[in-house]
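There are two complexes below, and they share subunit A, which is joined by subunit B in the first and by subunit C in the second.
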Partner chain A sequence: MNVLLEILVYGAVQSAVYAMLALGFCLIFGVAGVVNLAHTTFFMIGAYLIYTLTSLANIPLPLGLVCAIFGTGLLGIAVQHFAIKPLIKSEYSVMMITIALAFFCQELVLSVFGPVDRNVKGFIDEKLTVFGLVDIDAQRILTLVVAVLLIVLLWWFINRTKMGNAIMAVAQNREGATFVGINATRIFLVVMFISACLAAVAGAFIAPTVGARPHMWENPLVRCFAVVVLGGLGSLEGTILAALIIGYTEVIVSFTLSSYLSELVILGIFMTVLIVRPSGLLGRRQEA
Partner chain B sequence: MGGLRKFSVMALAAAFLVSLAGSAISAEKVIRWGVAAPLQKEAGIGSKNATIMAAREINAKGGILGHKVEVFFADDEARPEAGIQAVKKLIFQDKVDFISGGWLSGVGLAQADHIFNAKKLWLSVGPATPKLAQMVKSNYDRAKYFFRVGCVNSDYFAYDMAVFAEEFYKKKLGLTKIALMAESSVWAREMATYLKTAFNKKGMQIVYMDVFDPKRTDFSPQFAKIRRSGAQVLFTVQAASPGVPLTKQWAETQLPVHQAGYSLSSQVFNFWDKTGGKCYTEVTQLINGGRAPLSPGTIPFYDNYVKEFDQCPPYTAFGSYDALYLLKYVAEQIKSLDTDKLIKALEKVDYQGVAGRIRFTKDHEEVYGEEGKLPVWIQWQGARKMEVIFPFKYATGKYITPPWIKKK
Partner chain C sequence: MSNPMVAAGFWSQTKGLGPYACFLGPLLLVPLFIQSPYVIDLLILCNIYAVFLASWDLLTGYTGQISFGHSLFIGAGAYTAGVLNFYFKVPPTVTIPLGGLVAALLGLALGIPALRLKGPYLALVTFIASAIPAALTAIFWEYSGGEDGLYGIAPLTQSPLLKYYLSVALLVVCCGAMLAIVKSQFGLILLSIREDETASAASGINTSLFKVVTFTTSGFFAGIAGAFYAHNQLHVGTEELSLSLSILIVLMSVAGGMGTITGPIFAGFLLILLNEWLRFIEEFRLLIYTGAVVLILLFIPKGLLPTAKALFKALLARIRRSPQPEAAGEGARSLNRAASKQ
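And now, the complex of A and B:
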């Protein structure tokens, strides 16, 4: 019973982190067709911004958090406008410019902050015992709560607001949406803002438990890519499902075999799904 | 007779000219000392800083056999491919005479063939795998250029870990149940395999064991299993891993175990800041050096390093400093910089370095123990407060139990 509860809680936390990271990546691909390889760079920037604002500038944590998220969102808009928009017709050029941007940001962070890890302040610095049995640091539970809230909020925004409907319209048929007066370029900027903000939230909430370092974007990018492809490129529901599969698989393998094997098992699942269903779990099947 | 005199005069003149030419070369020659290390990481930064210190001091006192030492650095990025490029850069571009530095065993193993091909004396300070010395044993003529200066090999520091566990945790604190977590790098796996048997032989029980990816940032499943296993002490073996996530989660989840082991990142001052002080009571093994009177030069070197770099020296700093001084010592003993002669001299050397006594086995390993190198164990007791707790004769502070364990 104890083990099952532990798997339930730790798996939920891990899945929430992956979902929060991958949703933005999925959103910008689904709407603008942009494979943004600099997506997890926003995750790193969010972590460093909150470190700078709260630890160096001594701004109170809630205000620092808002500034870090908003600042990263604005950076996302700048990236979309100045780097991606001019190249948007060529997906390879977009991939090249975004990966170059990711390395540029890494080097920039390296030169400003140096290679050593930075300690990022968290909201809660305590241990929690969930269901009276599962010990976990409270910051991770907070991350889970925030992730769930953001997913619900995103779902509401996409499905229940005018802007959300416009985003869906552009995602489904860009030309058609333009004909009915939707400004697709503006929609791309909004989506990139949301996408960057989501990554920054992930950075700001995860960094207190793992620290901030210049290379922290690399591993999550690979994981993010795996989640989005597994779920089906452009499918938000698929992304959440894939995040749950990968998050829980990682935890179950760590519990039953060895944490070292979790990577192997996840890649096995990833390849199997792609062979059986190339469009991903909930992705739209493309006609030949 | 006249012919003989004429020949003698000519021979003397020739000898004079040769000696003049020799001294002219000698005056111009610079000793080119190459360091391949991960220059963005603690280990590489330590090597670079200490090499610069040693070269500056040696040059200020007239160099080695009158030759100035010039140092060259190449970043191995802690990756085998980059490590090979780094030694090639040092050999072919910088044309170095000697090679030092290094950190990860996987990188060292990848570099070995390239250094042996170039027949460069290699005073390696970082890689701990015994496989490098096994190369000397199995093919001496090819691999004789390798000497491990900066630390004993991973078998020895695993042995030392078992000695510490027995003497400190078992005999002093009565703790015998061990959880062992090793990262998946070459040397750490080798150590874990060794430790599994060594702990058992010492009468301790390994109740949990895991090998983890150095990039791993969530240890919740492992810690849950450790909690259930009844472990009393968690031993970790990690160098490539940042160390921060594991330590923070250990403290934040109040895992009810003492934490000790080998963690490279926890060997330097900034680990306190990196973890926000969560490393309080963590214990780590320093495999080469530390602020203990291991030799007359240890504490002065340590303090000078801290004064100059505002950071304490990692093990690679002690090794890099000693490597250059060791070359000076043997070269001045034999009055030569000839590689083969230096190798023979190093095989017999008995030198007092800043991290302790340096002697080599026939396979060019450093000798472990009282007659050679002895690791020390420190505990984090505050910002910049790393107290030596073992060997007992070097102890500078009393052991502190993690506060959440004490509460029980």
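And now, the complex of A and C:
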């Protein structure tokens, strides 16, 4: 019983982090057709910024958090404007330049902070007991709450605001949207900003529990792909569903078997689904 | 051989081989001038990487099946050679072809499901597929050596000079074979698939067959080079299966010029030597290196070799410019044409 509850709680936290990461990736792909391989680099930069601001510079947490998230968002805008925009016609070139940037950022972080793990000061240092049985860091619960709030906020933003509608219009038909006066290039910048901010939030909130490392972008990138492709590239609902599947699978296999196997099981599920249904679980049935 | 007709016939036979000879000649003569084992080892590494890059280019540059998981094939070749040699003492003459064979089978296994996938999906799937063997080596760490890998694999030969010439032979045979493939009708078909798959299918080409065959061939060459690499390093480890290696291969090939085979080979030599040369500023070496690659991708999107070729042609046209003003216009036009063709 205890194990079941633990799986329930930890799985929710894991899924929430994956959902936050994958939604941003999915959004920029769905709207701009950009496969941003530097997406989890924003996650890493979010973690390092929060480390620098709160643990090194001792800036108060709320201010540091805002700076880290908006800083990463602005970096996202810069990446979109200077690196992706000139190459946006070819999806391959975009993949190449973003992965090159991801490598570059890794080396940058390595030469600034060195290869060692950095411990990040927790936002709340308490431990909580959930359902009377499961002990968990309050930090993880905070991550879960923030993730759920942000996902709801994102849903509201896309479905209920004018900007959100413009974003969806560009996603559905770029030419059509341009005809009615939507500046697609500007929309891409907005979406990249949101996407980078989401990744930075995930990075900043997860950093106190896992630390900040120069290689921390690699594993989440593979998971992020698995989630996004499983859910169907471009489908937001599918992404959330897939994040739940991947997050819970990982936690269940880690708890019952071993964490080495969890990687393999996830990849196995992923390959099977993809071979049976290449467009993903909730993807539009069409050639990608 | 005084008959000009015969000489012309001979030269027309070798036409187009000049640049290859210019490249290969110095490569063969290097040991005469440089005895430093360090430089020789570096050049061996260049030769092996050239095969990695060319085999990636055959798959992605020529057929347009974008692969972000080339370390899958390299690692398969390396681990096949490593495990066979480490546990069963199989000599390199057997392990290297077997490494290629295993990687080719993996190429076949990945190529068939890949038929259903296009564009970014395929890229992401190859990315993730290459993570599977890395997870397997962690699970079977008792046999694979886990993170450390297996040490003490038999060297190819004791003589460094012979090892160098073996690596040159690897380069010539593998890259020569791939160049022959892309220059043949087979290569034309691959290009047609890359440019418009529907149209090539409509003209009666079995595109699925060609795509799977390319996956297998590319895997084969990468596996051979991977096995060679294992015997060269006397070690196999997870770095041969890593994401970083796959990404490095993509970046180097693109920097050199995708879809040319020669471009990635050129970039392999250039970037590996640049990487070594930068060792005097060890701390920032990889930062500068990756920064340079980013700049190349942004500002020379066609790749180094095709751009260099176009510039060279333009320069040649300018030097040869005859007195008539039209010819000068021709030179400028050929520059434009060369630039637009790339």
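Everything that follows uses one rule, which is that the second predicted complex is superposed on the first by the 286 of 288 C-alpha atoms of A that agree within 3 Å, B and C clash if a C-alpha of one lies under 4 Å from a C-alpha of the other, contacts with A are read in each partner's own complex, and residues count from 1 in each chain.
The rule is simple: a contact is a pair of C-beta atoms (placed from the backbone, for glycine too) under 8 Å apart; a residue touches a chain by one contact, two chains touch by 3 or more.
Here the structure is a predicted model, which is why all the values come from computation and not from measurement.
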Handout entry: Partners on subunit A (subunit B, subunit C) - clash or fit
Key = clash
Practice task
Would you sort A:Glu263 into first (subunit B), second (subunit C), both or neither based on which partner it touches?
Solution key: both
Exercise for the section: Figure out whether A:Thr178 sits in contact with subunit B (first) or subunit C (second), or with both, or with neither. Expected result: neither
Exercise for the section: Using the superposition on chain A described above, determine whether A:Leu233 touches subunit B (first), subunit C (second), both, or neither. Expected result: second
Exercise for the section: Could you say whether A:Ser111 touches subunit B, subunit C, both of them, or neither, answering first, second, both or neither? Expected result: second
Practice task
Determine, under the contact definition given at the top, whether A:Asn165 touches first (subunit B), second (subunit C), both, or neither.
Solution key: neither
Handout entry: Which superposed partner A:Phe29 touches (first subunit B, second subunit C, both, neither)
Key = second
Handout entry: Clashing subunit B stretch [against subunit C; choices 110-118, 290-298 or 308-316]
Key = 110-118
Handout entry: Footprint overlap on subunit A, where subunit B in one structure and subunit C in the other make contact
Key = 110, 260, 263
Completion exercise
The subunit A residues in contact with subunit C across the complex are 29, 35, 83, 86-87, 91-93, 95-97, 99-101, 103-104, 106-108, 110-111, 218, 222, 225-226, 228-229, 233, 260-261, 263-264, 267, 270-271, 274-275, 278, 287-288
Completion exercise
Within their complex, subunit A touches subunit B through residues 2-3, 6, 10, 13-14, 110, 115-119, 121, 125-127, 134-137, 139-140, 206, 209-211, 213, 219, 251, 254-255, 258-260, 263
Problem - Complex contact set, residues of subunit C against subunit A - result: 66, 68, 113, 116-121, 123-125, 127-129, 131-132, 135-136, 138-139, 243-244, 247, 250-251, 254, 283-284, 286-287, 289-291, 293-294, 297-298, 301
Fill in the blank from the handout: Touching subunit A in the complex, subunit B uses residues 40-42, 184, 210-213, 215-225, 227-228, 242, 244-245, 248-249, 252-255, 265, 270, 273-276
